[in-house]
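Sharing a structure here in structure tokens format.
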Amino acid sequence: MSGNTLGTLFTVTNFGESHGPAIGCVIDGCPPGMALTEADIQIELDRRKPGTSRHVTQRQEADQVEILSGVFEGRTTGTPIALLIRNTDQRSKDYGNIAETFRPGHADYTYWQKYGIRDYRGGGRSSARLTAPTVAAGAVAKKWLRERYGIETRGFMSALGEIPIPFVAWEHVRENPFFAPNAEIVPRLEDYMDALRKDGDSIGARIGVIATGVPAGLGEPLYDRLDADIAKAMMGINAVKGVEIGAGFASVAQRGSVHGDEMTPEGFAANNAGGVLGGISSGQDITVSIAIKPTSSIRTPRESIDKAGHAATVETFGRHDPCVGIRATPIAEALLALVVIDHALRHRAQNGDVQTTTPHIAAHIPK
Amino acid sequence: MSGNTLGTLFTVTNFGESHGPAIGCVIDGCPPGMALTEADIQIELDRRKPGTSRHVTQRQEADQVEILSGVFEGRTTGTPIALLIRNTDQRSKDYGNIAETFRPGHADYTYWQKYGIRDYRGGGRSSARLTAPTVAAGAVAKKWLRERYGIETRGFMSALGEIPIPFVAWEHVRENPFFAPNAEIVPRLEDYMDALRKDGDSIGARIGVIATGVPAGLGEPLYDRLDADIAKAMMGINAVKGVEIGAGFASVAQRGSVHGDEMTPEGFAANNAGGVLGGISSGQDITVSIAIKPTSSIRTPRESIDKAGHAATVETFGRHDPCVGIRATPIAEALLALVVIDHALRHRAQNGDVQTTTPHIAAHIPK
Amino acid sequence: MSGNTLGTLFTVTNFGESHGPAIGCVIDGCPPGMALTEADIQIELDRRKPGTSRHVTQRQEADQVEILSGVFEGRTTGTPIALLIRNTDQRSKDYGNIAETFRPGHADYTYWQKYGIRDYRGGGRSSARLTAPTVAAGAVAKKWLRERYGIETRGFMSALGEIPIPFVAWEHVRENPFFAPNAEIVPRLEDYMDALRKDGDSIGARIGVIATGVPAGLGEPLYDRLDADIAKAMMGINAVKGVEIGAGFASVAQRGSVHGDEMTPEGFAANNAGGVLGGISSGQDITVSIAIKPTSSIRTPRESIDKAGHAATVETFGRHDPCVGIRATPIAEALLALVVIDHALRHRAQNGDVQTTTPHIAAHIPK
Amino acid sequence: MSGNTLGTLFTVTNFGESHGPAIGCVIDGCPPGMALTEADIQIELDRRKPGTSRHVTQRQEADQVEILSGVFEGRTTGTPIALLIRNTDQRSKDYGNIAETFRPGHADYTYWQKYGIRDYRGGGRSSARLTAPTVAAGAVAKKWLRERYGIETRGFMSALGEIPIPFVAWEHVRENPFFAPNAEIVPRLEDYMDALRKDGDSIGARIGVIATGVPAGLGEPLYDRLDADIAKAMMGINAVKGVEIGAGFASVAQRGSVHGDEMTPEGFAANNAGGVLGGISSGQDITVSIAIKPTSSIRTPRESIDKAGHAATVETFGRHDPCVGIRATPIAEALLALVVIDHALRHRAQNGDVQTTTPHIAAHIPK
């Protein structure tokens, strides 16, 4: 494939630019017969959309999705589901000043190097806005996984810059714009973001994502392992610079007698593996953690070059997220769901319908 | 694809089990006309092969490679290159005791759950031995990248368990069995491993891999980004639980004014991006760091279950690496080369031959 | 892949149903920098669109295409090109009578068997209308092939039912609604079609397609041979039941001393091969011939069954082509162009830019 | 993909050259748990192997297959099945004279044009010998289809040159070296071949292939239709120049009231469709017919050119099939089985296990 399609059996082909007429995707391989409406998709898009708090970009986009195909009389038909989102609030003039120069840390430079032409308006194809179609496709995957297997994919912010966010409860996640699983810490996060905006700077974040109810047996070793495809999907999110499964980097200093999760007739005694052994799901929760870098579009002046290779100073005005991590949680959930459904279908192709044949530990305390 | 093929244009299809008659791979898409002999491949296999020091498994395998096709009169023909490695030192009796039980932290359990049948001898398909064909394919990719673009992929151990290994010089890497870029620290590493073996336990490690000379423009956003495919390839290595590009998880606490690498007419001023911006290579060094978990096959008794779901205690004898990370460096190098060549060919397909049009920083201090 | 994507490097992902809100496709892998406007695509859509003569369906569709992405300031950017065509003239009531019964020879039955649900309105996904996005994508491929290599793909009708159509000149093709390369025979074809409509019946046709200017070396043996991919693309057109390359079925009775095209320093002496040897283009014209079956939607009453498996008599009213072959020429041209561009990019990936190194026969007399 | 892999879920990656050390393939995606031995594969290879009668090449090859992986204790494990066939009877000197010149109608020229290097020994990669791994993989597919669904794929010769071969009975097929379903005509075919050999010439043939017991619902419209993938697989066989499904080219002159197969509660009343409607299997027999051109390697002197582009006369000695069609039947059967199993797995992925829900006509009189 040419790079804009995710998955092998449940595929998502993504198109669009930040300031073009529309963005969207085509989902191919969705099983037929599932009830599906635009509302099922909109609910996830609304969790990601801009302008929902003062801590994110003020661009006003309804991100209204239209189902163009693949659904008949309220049910999926098994044919491609095309999803369309019109862009409505472009202010291209904001970006005129970056047509000739490259933002440090931004894809401006590499797109220009690769293609010799780039749509610089709002970051064009490299804009975080292009995660919307992924979230829309993820909503379809989530619904099927929930109804077919009782699988849920949920995420939360585990750190904002240098502030770690101790996990308290899932209920808190939906009650604040940070997706923080900890209501008490929210005021501190808000003060932090307010100060950051005053500085005209940006910051990174860490996001956790978990899939529960995943049956054992999903994943195609070797190379299309479940963990490998999760790593690809997560590292493919704009601004992600690191991915961990289970104990992640902490496993470097662990001994085998500590890391290896013991098993009992009642299930696993721990989950350092993060629910994946040998590239195949074990039936435990699949636990993922990702590192998100700070936005490169900041008001602080930076040294750079222009297309001619001459020195230039760049300041970015326009409307940007001072922390793209704040809106990353629904994106990470969507991608985890897309990887899991793809492997569920791949498993079914080779092995017939998935069954869970042994007990597993459902509970998991996110780090 | 069905899961055992890596890449889209330079593809590697891997086959074999640890104790079957043979292991190997088929490389499809290698450009024609490149001089290639078995010696070019053997040199990389020898860096990975077992039994080379007391710190790794004592299984004696020559890992002798045979080229079955795709090379005529010493040159690649552009047709599939099949590589065969016969298994010679199987001791299946060593593994009889794990036919019925599952090693904690091992793929025993998940393979059985997925397929309902598993070749338990030496871990069968899930054995680290299956990285040999990947290393062999990587040798072909490395040679082409070196001759065509002057690209080099090199790795080193950056931490053994809790011992960090400060980078001193590349020359040191080849002079010790740990691939440590630091000769002084080697005695300490050896004492550490000796103590570990006495304990019948295992430990994790951290490996760094760098690609130098990669032209700007490689990578297919979105989703087949260069960093995404690197993450997939690395997380696909047995025992890897985490992957970082550039600043990795450190970027969580960085501000945009620090993280974004400034540019000058002479090149980049830093490399927090790890050579990838927006999923496309920037022309800087591509820097990757991976976390490797401790081996699950240890002599220490552990709680587990048998196929019937009854409680069982598992101790693994046989021959195992107390730290799979020690032999992981050539594997990580091979995979980085395989991802880069695949994207070099993909770029050439859409954009014609790759050119570097601007200066880049060559120097990079590995962390 | 999930079945609705054509190609490997220049991919076309097709979506939509005959009476849904819209149909369209996403082209991924188009090289950047090519001038492209909606008019470039519309000109090909207009050649295929319905209602252009009394011999085709009277459904009125403007088939107006909108470019949603992948083009910036009039040039392709190398990112996905999404093409949208809104459906405007649906008359679903016409089709109510086939919601419960299956038309003999139609996909009604197999879609229902496969998915357990089908959009029966106008044939839903199986409608010939879904060839429009293919034609739109083909227009992009044709433009690139013409500008980059001087390649042209052109088609014509070589038989309408039992009436063979001797080739006279390409100029005639555009001057009649049958794409007949023979102006003199047109009145006879019109009388034939008028009689057929009176009978409430339909008829088959034979179409020839030729690609000129294709350099030698395109095709990936074995299995993704150029001729194999052409056969797949052509047999994938609705109603096609046979495909020939070069001498086709006539080669069964040919001797090797006759069939094998001799070569001279000036080029080939004949073209029984149809421009493909061993699955790779030879530099000669690529000549293809396809058989198109008669439409299954006819007014003549036919025996069939309903969803319950009970006997039923089916007559189709609504608006249909009495000979789908009449509008098939632009579709076949588009598909030949899509296969050739995909192999041109694949060849470039492995072998660098295509060059023609020997003389070839340009002239070819279509059969 | 890079061209040497067939299928999407049940994949076959083919490698080797006619006079290299070995040929073979890797099957990926075979369901686990099926009993499989080398004998199951050898029986099909023996039907295709050379030297079995005076009418085919006299090259002596045992075509002994070795299973290198994917089978444990006599059952498939779900991991890649690597199959190896050593070449034993190379006589490269026979081919020295074609190292510098190109056989008219042969791939010599196009391989050289494509790659700039070619293994000319025995046709190298373009040799019909490379169909052996396809037949071996097909044997695995056939066994699974037979055991899982009762599907059979069987072929026969329907014409040798200008001699049509009326179908009498399947039993006759295995009793003569031509795979002719008609014992009476065999002496005539033998005389014909003897005369041909005296002339130092070659001839074409027509082969029919049928799949019985295929459930309704297999095929992925649009573009990966069942008929499209069959056409690709068949046109991908060396020397095939035409493919028909069902009525094929005869449908050009058929009226819709004749072509469309009527349905009754007992099943279909005819099979002009050849078992495929709208790209999806209907539950009827899948009927395919292919045209095979005469071999290009003949003793008769022909005009050609050498690598320098100078005129040259070519006569081919060595050992060749005067009619490659004679050994094509097992190859066509294998490919039909490979396409059907791939679509059976694809269908299962999206729709769950295949079921036949309506009666179908089993009987079919091959044309």
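Chains here go by letter, A, B, C and D, matching the order in which they are written, and residues are numbered from 1 within each.
Just so we're on the same page, a residue touches a chain if its C-beta (ideal position, glycine included) is under 8 Å from a C-beta of that chain, and two chains touch if they have at least 3 such contacts.
Since this is a predicted model, take the numbers as computed values, not measurements.
Checking B-C, B-D or A-D against A-C, more than half of the residue-numbered contact pairs recur only at B-D. Chain centre most remote from that of subunit A: D (centre = mean of CA atoms).
We define each chain's centre as the mean of its Cα atoms; on that basis subunit B and subunit C are separated by 45 Å.
Averaged C-alpha coordinates give centres for subunit C and subunit D that are 26 Å from one another. Contacts with at least two other chains are made by residues 1-5, 8-9, 14, 29, 32, 78, 114-116, 125, 346, 350-351 of subunit A. On subunit A, the positions that touch subunit D within their shared complex are 8-9, 29-32, 78, 345-346, 348-353.
Of all residues in subunit A, only 1-5, 8-11, 13-17, 20-24, 26, 28-29, 32-33, 66, 68-70, 72, 75, 77-82, 84, 114-119, 124-125 touch subunit C in the complex they form. Listing the residues of subunit A that touch subunit B in their complex gives 1-6, 8, 14, 102-107, 109-111, 113-116, 125-126, 130, 159, 161-162, 196, 201-206, 216-225, 227-236, 238, 241-265, 269, 272-274, 276-283, 291-298, 300, 302-305, 309-311, 346-347, 350-351, 357-358.
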